[in-house]
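In the two complexes below, subunit A is the common chain; its partner is subunit B in one and subunit C in the other.
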Partner chain A sequence: MPRLAIALLRHAYTIDPLLPLLLRPCRTLAAAQNELRWLREHVDKLVQARRPVNRKLQQQPKALLRRLAVERASGKPLQYILGTEFFGELELRCQPGVLIPRPETAASVTHLSHLIQNAPALPSELRVLDLCTGTGCIPLLFDHDFSSARSDRRLQLLGVDISDKAIGLAHRNLARVRRWKASAGRGDVDFILADVLSNPFGDQTLDPPCLKAALNFNKKPYFWDIVIANPPYISPSAYWSTTTRSVRGFEPKLALVPPPRPGNNDTEQADYFYPRLLTAARDAEAKIVLLEVADLDQAMRVATMARRIAIFDGIEIWRDQPDQRNESAVGISAEFPVRGQGNARSVLCWRGLGATWLGRGRATKTSRTTRA
Partner chain B sequence: MNTMHWICRSCLSRAIRPLFKLRVRWQTTASATESVPPALLARARAVADEHKQLAEKLANGFDTRAAKKLGGYGAIVSALEEWDKANESLAELTSLIHDPTSDPELRELAADDLGATRTSLAKASQNLTTSLVPIHPFAHLPCLMEIRPGAGGSEAAIFAGDLVRMYQAYCNRHNYRSTLLKYENINGTSEAGVPLSEAVLEVNSASAYGVFRCEAGVHRVQRVPATESKGRTHTSAASVLVLPSLEENTSLENDFEDPESDYYIDVNEVKVEVMRAKGAGGQHVNTTDSAVRLTHIPTNTVVSMQDSRSQPKNKEKAWQLLRSRLAQARREKREEEMVALRRSVLGVAKTGRGDKVRTYNWGQQRVTDHRSGATVHDLDDVMDGGQTLDTVMEGVRRWLMEKDVEALIAEEASKK
Partner chain C sequence: MPPSSSSWLLVRLPTLRSYLHNGMLAHARARPFTSTALQASKQLPPRRAIHDSDIEENFLKGSGPGGQKINKTSSAVQLKHLATGIVIKCQETRSRTQNRKIARRILAERIEELELGDQSRTAVKARLKSKKKASADKKKKRKYRALEAAKDGGEEDEVDEEDNTEAEIPTQETSPEDMKKGG
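Let's turn to the complex of A and B:
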């Protein structure tokens, strides 16, 4: 990482003595100014809170602001400092130990909901399963987006995670969203603990149980119309070369890098979740599957895996902004349609009725068709 | 004023200062309510004439078109009658009072009556005016005010910030709901005295556009900047752009879908950029960059928003601003043709973004509006958004109204 220019730091200091601190994690002046403003608003809110969290700090807002800026300068994500992050139209609670939701994920979920909510032949109840749910952001946003357009359909949503902390936070986020007046969500939402990697036929540890056992134990259905997942997908080498200091230093590695297995190389480790997720989706008889990925290479590998299990009628790749028109021809795959703008971000598969719900028409088996 | 005799000297000298300040206000308010602009009056008379002719025509046989037109004129004609009546009685009373031959008792009675007659004349004038003036199609809408520094470096930027606070105070006093959609000084805060780069103030009350549209244009400031060591007066400027604001839930919502509407935007012609799309993205980074930039490709209009931590909120605000800007541009283009016509007929000045509309002079503690020609002296009260600002704005609205009527008359004349 290049060092910050002294001139920039000095200029920042003349604007506000706290800005140079924020320049370290933010890199640009505009971003640092925004963060300083948000920190200030946060401190103002704390100061005005009727039930003060900490009276002593409340009396010294300047000192508090400075302390938060110093924390931020150490690389601690602003979202952990402020305690929330926006995800689509929702503002969700975040806490150290659970991955901060990303806007790209929100963009895919919202786009999926947009495609489906206009479908003519939706069943009266739609079931959505989110594997590796973290803060619970995906089911909560899907519920909100879909329900604001279609209140005539029942939704059942379930989030699954291996981490106690994540499941606890997801439940609190559900309560938070339900308290929020503008929220449209009214689906039946729940979160349960399970290990999506554990093999039901292998040696069973019951803590946490495998997915099937967990569904059974919690009296949840086996069959789900839509399966979504944003699993850990970063390879060990990319973890060191590509993630930022703030991600490495403060977000849980469990949420980012799949576990190592003897004999797996770097890439195989990054892809480790996808075969299990596709199997889970097949067992659930999902009509639509949406899996987030790191980049176009991984997208191609996952799409190829999905084609190999030969149950899908169509497979395509979405970029960061799937709702935007695809302008660039860069990276257009000859095998799978690529939609949207930005980096390749997820792989969408569908079969049977899923094609109608998505408005994709019934494509030929395994979608070897290419776009003209 | 007859109580004046009983006031002692020291009280009098205390009273004189505010009186001096108030004089201007009195004059303007008095004239604003009691008299009717000549152009308006001329039009009212013309309407009354036509009304009479139409009525005669109708008496000789029914004509649907004439009947309809007659109905539309009714309000104007009766307002004019009221006004004439009030004027007459006022004239009578005044001549009575000034006539040295009239009976003193009668004179006193007349003096007593004067107040009530004045009031009814003011009311009649107002009625007559409102019955005639074409109402701006967007007058009922809330508005967005965009304020930016013009020529004059950081002094201009400081003044732009002063204007923002002036309008905010004005809104507070009038109970208009105002929100800063965007406030960017180089500091990222809204402190006073820090140079502003751009502000967008939303006045979210019905009819705000009708109130504020007279504020559009270049506002000039003459003062010694805080940064000036030699005490020289500088002249700088800030520009104010006023746009009717359409939130999603206004009655014009359908217009968003209607290609004929000014507010229609073909979504395929807008490029939406989220700033963080650079780099690996996804799980690799956790930056807070929620900025959104919209580019309307055909006109190359760019709007960016980064105030909120929520990307959808930034996007929504950006769309709102883009729609308003494009609609204004379209309206202006259409109106330009009209204005060209009016100019050729009358030389009416346009009140758009380019023209210098007002000067704030600190040395003389005065504010002069170049359109209405009015000067007030309580500069501080203006900058505090006080009643003196009301006076100035009323004056401009009145001027604008007269111009509107002149233009209307010119237009009708050119049609004949």
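Let's turn to the complex of A and C:
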């Protein structure tokens, strides 16, 4: 990381004495000014709050702002300081210990909901399972986007996570979204604690239980139409070399790097979740599966894994903005179609009726034969 | 006093629900709250619509990894209008959806200014605003002039006071007219 120029720091100081602090994590003046503006708005809101959290600090807004800027300078993510992050149209609560939702995930979820909402042959109740849910962002956004476009179909959504902190936060976010806009989502949303990785036929530990047992305990259905997952997908070496300091220092490693297993090399550890997720999707008889990945290499590996289990009629790779039509940036083997713009971000698989829901013409023949 | 006060307490006030049942609230909603009449000339021209096919949208971000590896706070949106080449960049809020809406609104205003010039929505708005400010200034000046005249007039003679009352007459005449228009 290049050192910040003294001239830039001086210039920033003349604009606002707090800006040099924010330049440390932001690196550019424009970004630092934006963050300072948001911090200031946050402090204003705290000062005007009817129920003060810390009365002493609220009487000194300048000191409070300075404290928050110092915290931010240490690398703490702005989302943890302000307590919320925007995910699509929703503003969700974030807290240390749970991964902050990323905008790329929101783009994929919104695009999937867009594709499906006008589909002809949807069941009367659409079931969506989200594995490794974290803040609960994916079910909540899917519910919001789908329900606002189509109200004649019922939705059942379930988020699963291994961390009880995440499950607690997801429940709070559900209440928050419902409070914000009663019409925002009409679906039946719930979150349960389960370990996606534990083998149902191996040694059972009930803390947390495996996915099948957890579905059983909570009286949830076994079969789900859509399975979405944003699992930990960073390899240990990439964790040390490519993640930013604020991610490494403040976000939970549990949500970023899959657990090590004896005999697994770096790449195998990064891909550790995907075979389990694909198995879970097969057991749930999912028609559509959307899995987030780190980059194009991992996307190709996951797509190959999905093809190997030979249940899907189609597989494609989505980039950061899958809704954008510009596909001019080629240079990839045409093994799997790649859609959108940006880095490769997720792998989409479908089978049976899923092809008609997504409007993918090529596989309609197979779906007809499976229905007949 | 005690019996009368208790009887006053027993009077049942109409609840909000009964209002809704009687349709009184609906009636109130159909009528504008302001008493000044809406004039056709004051209505702003409609907003210009932009189709998504006319613009190129760009989410500004650095090259390199994304997803879980970084947590960026920038949600900047850049729009480019293909026909005119106008570029709008917006990073007002932390929400990308909000920024997209704001950027589209600003772009629509810019294009309209370019197309309609003096007749565009923003120009009409600015003109209305300056007119309002001018009339407010005029009123302010008149008020202080009258106050000063009253101060001077109280000391000197009665002729000035008569002048003051005459000056006030036009404002008294106009206000009932406004009321009639509103009714």
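In the analysis below, the second predicted complex is superposed on the first by the 355 of 372 C-alpha atoms of A that agree within 3 Å, B and C clash if a C-alpha of one lies under 4 Å from a C-alpha of the other, contacts with A are read in each partner's own complex, and residues count from 1 in each chain.
Note that in this section a residue touches a chain if its C-beta (ideal position, glycine included) is under 8 Å from a C-beta of that chain, and two chains touch if they have at least 3 such contacts.
Keep in mind the model is a prediction, meaning the values are calculated, not measured.
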Query: subunit B versus subunit C on the shared subunit A, clash or fit?
result: clash
Task: Tell me which partner A:E104 touches in the superposition: subunit B (first), subunit C (second), both or neither.
output: both
Task: State whether A:L256 touches subunit B only (first), subunit C only (second), both chains, or neither.
output: both
Task: In the overlay, answer first, second, both or neither for which of subunit B and subunit C A:E316 touches.
output: neither
- request: In the overlay, answer first, second, both or neither for which of subunit B and subunit C A:L78 touches.
  value: both
- prompt: Who does A:N34 touch here: subunit B (first), subunit C (second), both, or neither?
  reply: both
Touched partner set for A:D271, first subunit B, second subunit C, both or neither: neither
Field: First, second, both or neither for A:D225, with subunit B first and subunit C second
entry: neither
- prompt: If you lay the two complexes on top of each other, which residues of subunit A touch subunit B in one and subunit C in the other?
  reply: 30-31, 34-35, 38, 77-79, 85-86, 88-89, 91, 99-100, 102-106, 230, 232-234, 238, 242-244, 246-247, 251, 255-256, 292, 294-295, 320-321, 324, 342-343, 345
Message: Please output the residues of subunit A touching subunit B within their complex, sorted ascending.
response: 15-16, 26, 30-31, 33-38, 40, 77-79, 85-86, 88-89, 91, 99-100, 102-106, 230, 232-234, 238, 242-244, 246-247, 251, 255-256, 292, 294-295, 320-321, 324-325, 341-343, 345
Field: Interfacial residue positions of subunit C with respect to subunit A in the complex
entry: 57, 59, 64-75, 91, 93-98
Message: Help me check something: in the complex, which residues belonging to subunit A touch subunit C?
response: 30-31, 34-35, 38, 77-79, 82, 85-86, 88-89, 91, 99-100, 102-106, 230, 232-234, 238, 242-244, 246-247, 251, 255-256, 292-295, 320-321, 324, 342-343, 345
- prompt: Which bits of subunit B are touching subunit A when the two form their complex?
  reply: 186-189, 268, 272, 274, 276-277, 280-291, 306-307, 309-313
